[in-house]
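Going in written order, the chains are labelled A, B, C and D, and every chain counts its residues from 1.
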Amino acid sequence: MLVKDCMTRHPIMISPETPAAEAQKIMAENQIRHLPVVGSGKRLLGLITRQRLSLKPDELGSLNIWEISRRLSAMTAKKIMLKAEHVQTIIPDKTVERAARIMTDHKVGCLPVLEDGIVVGILTETDLLKSFQTMLGLPADGVRVTVRMPGGVGIFKQVIVAISEEGWPILGLGSFPTRKQPGYWDSVFKIAGVNIDEVEAVINQVPNQEIVDIREVV
Amino acid sequence: MARFLFRSAISAIVTMLIVSITLFFFLEVGSGDVTVKILGIESTPEQRASYRAQLGLNAPAWQRYVDWLAGNDWRAKNQVGHPLVSVTNQMTGEQEWWADVDGTLTRWTMEDGRILTLQRQPDGTASARIISVDWNTDENGEEFFWGVDTKNNAVKWVRGSGETVWVRTKAGFRKEGNGPREYIPLRKGLIRFDAGKSLQTGRPVAVTLIPRVRNTLVLAGIAFLIVMPLALILGIIAGINEGKVIDRTISIVGLTLTATPEFVTGIFLILIFGIWLQVVPAVALFTSPNAIFEDPSLLILPVLTLTAVELGYIARMTRASMVEVMDTAYIRTAIIKGMPRRRVVLRHALRNALMAPITIIMLHVNWLIGGVVVVEAIFGYPGLGSYIYKAAVFGDPNAVEAAAMLLVIIAVITRLLGDLAYTFLNPRIRYA
Amino acid sequence: MTVAQPTATVSSKPSRLKKAWEGISIVFESRVATVGLIIVLFWFALGIISLFWTPYPPNANLFEQNLPPNTTNWLGTDHLGRDITSRLMTGTQVVLLKTRLPGDLGIVIPGGVALWGVFGALVVGAFLGLNAAYRGGWWDQSIMQVLDALVAFPAIVLYLVIITAFEQGDVVVIFAITITGAPGVARLVRSLALDIKTRDYIRAAETRGEKVSYIMFKEIFPNARGPILVDAMLRVGYAIFMIGTLGFLGIGLPPPDPDWGSMVNEARKFIFLNPWGVIPPAVAIASLVVGLNLFADGLREELTRYQK
Amino acid sequence: MAEAAMDWTVNKNLSDAGPVLKIEEVAVAYKVRHGEIVAVQNVSFEIKRGESYGIVGESGCGKSTVAWAIVNFLGANGYVKAGSIKFLGQDLVGKTGEELRKLRGDQIAMVYQDPMQALNPSMKLGDQMKEVLTVHRGMSDADAAKRCIEMLDRVYMPDAANVMKRYPHQISGGQQQRVVIAMALLNNPALLIMDEPTTALDVTVEAAVLDLIAELRRDFDTAIMYITHNLGVVARVCNRVGVMYAGEMVERGTVEQIFKKPQHPYTQGLMRCVPKLGADKASSMLYPIIGRVPPPRNRPIGCIFNPRCDYTQDRCIEERPQLRDMPNGVSVRCHFAGEIDPAQWTPPEELKLPSISGGDGDNGEAEPILTVNGLKKYYPVQGSSLKDLLGRGPKRYVKAVEDATFSVKKGKTLGIVGESGCGKSTLIKTLIGLEESTAGEAQFLGFDITGDLSTRNKQLIQELQMVFQNPDSTMNPSYSVGQQIGRPMIRFGTVPKNQVRDEVIKLLQAMRLGENYYDRLPRQLSGGEKQRVGIARALASSPNVVLCDEPVSALDVSVQAAILNLLLDVQAESGTTMIFIAHDLSVVRFFSDDVAVMYLGQIMEIGPADAIYAPPYHPYTEALLSAVPIPDPTIQQKHIRLEGNVPSAISPPSGCRFHTRCPRRHLLPNNGKICEEELPPWREIGDGHRIFCHIPLETLRTFDPIITQKEED
């Protein structure tokens, strides 16, 4: 799963001259938290996020209402946006994991996806979560079984073989080292169109593994 | 491209033929007795008859047309019996016709009934020598002799009956005997660049025509160089902001200029600049043949008058073509592609919009020359226009035909240029 | 895209009057055409009035020469002391209202020299244009070649030659206008006919085996009338332009009837004495021609919008 | 080939970001001299990323107006009167010129109908494409050129680099449309508006372009707004569709729902009058929608469809229905949407329907009235070199028709089908006598008709008349309807002078046009009415044979059905034989008894209608059948696309003219070598069915049928 497979193409973008108030209205209406600011030809100039919109008190010279509203109305996206050089971006061919890593390292909510400076999409947290779900086959209902097995001994292959012999399609697959038992691996399978006992029966034929958890997922 | 040039060449020749025949027909039908105009009212009928014979006007019309076109020396040759040669006389620079009698250039003249032979000496002078001349007899027994006289005519003398001939001299008329009965004024014909003699001046047409053509080309040329770019630009500006105020003004001004006849514009210009503002000489005096080069201000008013009419027409036509191009589908594509308006107009619209006016502009060059006739008449400008005007009024065929041929050549060349420009602008034709 | 125009209200047999009014109403749609029409009608009216009444007899030299405009002669007098105003009014007659036939019978037919000249050009031009377009091939080549020859040659020179060839007279000028106008009309009619020729109703007529003349004059010509009328209007303007120029060159309509062109020519000689003498006839010619052009332009705009 | 569903249907698609385009209650009005005309009112719909939304409607229903409103290109007097057009969350209606300009060509792109006009004739194709990149992105010329070539390859344009240097008139219509599409997609726009992009193209070329559009949509995730009047194209390309009628959106929903169970009476009517290729002859009866589209000026106050609706009740007349959402997600603008069941629809009585003769019943004994044998028509071509001009250059010909051999039986209809440039019009022109045939014989009623009209006597001309394609130019604008229909009667003297008026009125009534049409002028008639007058004029001299040159292809679908039924009526009553030309196989299927398929001047296949539409058929017929867009998303259509362009008729390919593009050549030894060398033999299959192909009959029989019902999952 690469960035280009799960990014949101043609994101909502605004021009630098758009007033800040309108930017805020657009973000609210379309329930988005990140708004790239682009010049002609969708060239990235900056990024507006929710907290960029919150005013820092020291910026206001005085507190009288007219002064504030005048300042506010003069505020354009250009002034409040995070400049392009400070914005973390990514290119479409990177892997999803790499994107996730950048976002966690820099604590940013989204990564504009650029092709030589031109915005072709945007990768937000929700997109990452979506890619995670599809990787684990969430969209379709079926049986989700977690199997614990010792690493490196080929058990994994036997389980796969057992399932595929039944002709059941494996919709999603994820494996991670068991926290409590070093040297052991937990693998999560998502199998569609079957019920729990069938799955249990088939997997138990494979020796030296243990079904830690099994449930019907809808 | 070859096919294109081939076709233009053919159409040029055919056009010249048709125009020359039409003109000849009209001149022939209407001019009545042109000798009255040449010799004046008080000349007697016989004087006129004899002069008409000397000018060869008695020959049938079609023959005179053929003479004009292809010359008559080849026809006179089998009358005279010897090849005829045209030689330039060093002293006068004029063309002289001689008969080539086995090597020596000879002419003949008649004195009290006897034919004298003149032989051309190397230094160009002619020495008279008496050499017996063999008369031939025609069917009713008269003896006659065909020879070349001293006035470049092939003539037929009849033995014994010297005709009384009126010879036109500076002083007036002198009656002479020994005149020949039939005249064929020798000429090479237009095809060999001999446009014949003008009846008004008696001198070859070409001599007076060349400087006048130069003057007209200068006048028309300047007018063309001013009008075309200006009209195109105005047309485009009007076309772009169609319906706006500037479009309305350009259209109205253009319309009024085109609709006002040249002479009216001319008069107004003289009134305004010549009389009230005294900026430009109201009446142009053309002292020397190349007056216009010494005092260019003479040109200002004629050029302005000439451009006025042209400006309106070309501008309106360019505007119409621009307006039409502006709402075609490919301009709509350009706008929808997000091209800025300036780029849409310059890169996309302009080239297609200029295609139509270019060919029309070239057609208009001869309209311009037509206008020249009137403008030259108003300002007394010594050009081709006034020349052809006077020749036509006088009814002088050689002059009119020569000038007309020049006009047609100019017209055909400019139309050819127009077509070439069109094929260059329009790739659809270039890569047919 | 397919076709679905709205139908007008169901009209019974459209009466002659209704059709006429529909035609007229086109004119008033566009401001330009109305202005043009007003100018033309003004001169027509002047011409008709001059048939019955002019301030003074046009050819009588009752006054001092070269007077600037004054109370008695509104526009002043010319070099022979004749009243310019009356001469100006009668000037329209010869151009728009009447033509004097040659010969001493003095027969006068209605319709000015310009109108008959253009009518002649229309008849000759339409005939040549239709034949050149419909018959095509050899016909087209030869006719177009002849026409190109005439067009390639400046019209004014052709005028000169024709008029000097025959002695001066209205009919000669008419003949000259026809000869110089015919190529333009023929070219226009040919281009219109070439376009109409491709239409299906012409194919339908051909499949009925209609005679060539029927197709040309009954099927093609009626659809070309609109643009031809507009062009004719322009040509009348141009003809007046030409008559003025000929008059100016001294070879136009025969004296003594006043003709604007010759009035300008005569007044020109005395321009220093009385600049006012030149202005009335010059303005008259210009305004009439401009009026006709405006009217024609307005009409053309309406016709194209009407057909769209 | 609708959206290829994953083998496991994903029933919960994940929540997507907001729609790319959201149109709410938009109304567009045009300022006219006095007052204004509301062309479009309260139209609303949404398009998501990567979704293809079809806007369907007949001409004059305002579908293009909506498109132009989005890019704010409504001309001088048009303006968006009400509603909002939200593109990527921002409302376009208020946008300034400059802001809109930045969006155009960068985020919103447009392709419209006539590819020929859309490209600047005097500018190289490369320059026109690079412009989009250099202006919007400030890209260098070289990079822009590289990017354009990549995109041209993407749209399967052969020899892309060379095309960049060429001018628009040097490439074919199909290729021009690909260039326009490539140009539109250069900046990876979020929304692509396509206004009838393939209507002007031939069927096979259209099929290729439609495949390309579907593919590009998936790759670039571009939202596509597809405007067309052709229901077949919508079924093939779109996910959701909105049906518009007289400026209003009357029904909106997914393609499957709308086609399976249309709820609005107008949509139901549309479905009934569109010829479906799949059905056999008897069941593919066409029911036209009676009446006419109300002009924008006087639209009925209640439901705009009530004058033409079969279920109109008083509530429809007084109260204007709103767009209601039905349980299955479809939204309909009709008070009684739920209660109408299209299945029990019965045709209203004034719709006299022709009885479909059994088709091949009495085919045998009707003797042929017009036979053509080896007819050839060549047009000499004037070479451009100097030598040609002087007549000594090589004689070159456009071989428009190459030995056509067929016969038309009395009272029957022969359909001639072929794409543009296949010579079908030339064949008709030669038969009717507008052109003279170069070789071969043609017999009509025993007389020879190889010469042109001048060689035929009046009676023979009277027996053979023609109906034309374009309703606008079929009638002379300066004469009234009565005069034009009466003219043939006067010309051939079939009716004495005084009875002409009554005879014309009788004919008008036969054409279901009232007597008051007698004095009407052509500009007061609609397209359908003009075509009826054209038919009346052809029948005025009671001919034996009527040649129809694509009489319905320029008409709206609903009017098309009425004209076809009219022609069938005429044939049933007076037994006129007809030759019917069309480029649309489905129309010909319904209408003609025998069908001939032509390609580049040669008849490829001829035979009874039913035999043509089932195997064995000629590879070209197969390609034609597989290209025709079928208005039924549930059927499975074989996918055969022809490569390259139609070769020029001046130097047609040797042997079988189709060999340069034939997809079935590989069936023959060493890849159809024989096709290039020899003319193929006629394969007789009996009952007049013949195929002009080298492939042996048995193999031809093994081809599987084009249309199969998709198995219901």
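Throughout what follows, a contact is a pair of C-beta atoms (placed from the backbone, for glycine too) under 8 Å apart; a residue touches a chain by one contact, two chains touch by 3 or more.
All of these numbers come straight from a predicted model, not from anything done at the bench.
Chain D has the C-alpha centroid lying closest to the overall centroid of all protein C-alpha atoms shown. Per-chain CA centroids place chain A at a distance of 81 Å from chain C.
With centres set at the average Cα position, the gap from chain B to chain D is 61 Å.
Each chain gets one centre point, the mean of its Cα atoms, and the points for chain A and chain B are 88 Å apart. Taking each chain's centre as the average of its CA atoms, chain C and chain D sit 49 Å apart. Under the contact definition stated at the top, not a single residue of chain C touches 2 or more other chains. Residues of chain B in contact with at least two other chains: none. Across the assembly, chain D contributes 102, 106, 136 as residues in contact with two or more other chains. A list of each chain pair in contact follows: A-D, B-C, B-D, C-D.
Residue ranges of chain D in contact with chain C, taken from their complex: 58-60, 113, 196, 199, 229, 292-293, 295-297, 432-434, 453, 456, 458, 461, 464-466, 468-479, 484, 487-488, 491-492, 516, 519-520, 523-527, 530, 534, 537-538, 541, 554-556, 559.
Residue ranges of chain B in contact with chain C, taken from their complex: 11, 14-15, 18-19, 22-23, 26-27, 29-31, 255-256, 258-264, 267-268, 270-271, 275, 282, 363, 366-367, 369-371, 373-374, 377-378, 388-389, 392-393, 395, 400, 404, 407-408, 411-412, 415. Partner chain B is touched in their complex by these residues of chain C: 145-146, 148-158, 160-162, 164-167, 237, 241, 244-245, 248-249, 251, 261, 264-265, 268, 271-272, 275, 278-279, 282-283, 285-286, 289-290, 292-294, 297. Interface residues of chain D facing chain B in the complex, by the touch rule stated above, are 71, 73, 76, 101-106, 109-110, 112, 114, 117-123, 131-132, 135-136, 167, 169-170, 180, 183, 384-386, 388-389. Chain B makes touch with chain D in their complex at residues 2-3, 6-7, 243, 328-330, 332-340, 343, 347-348, 351-352, 355, 425-428, 431-432.
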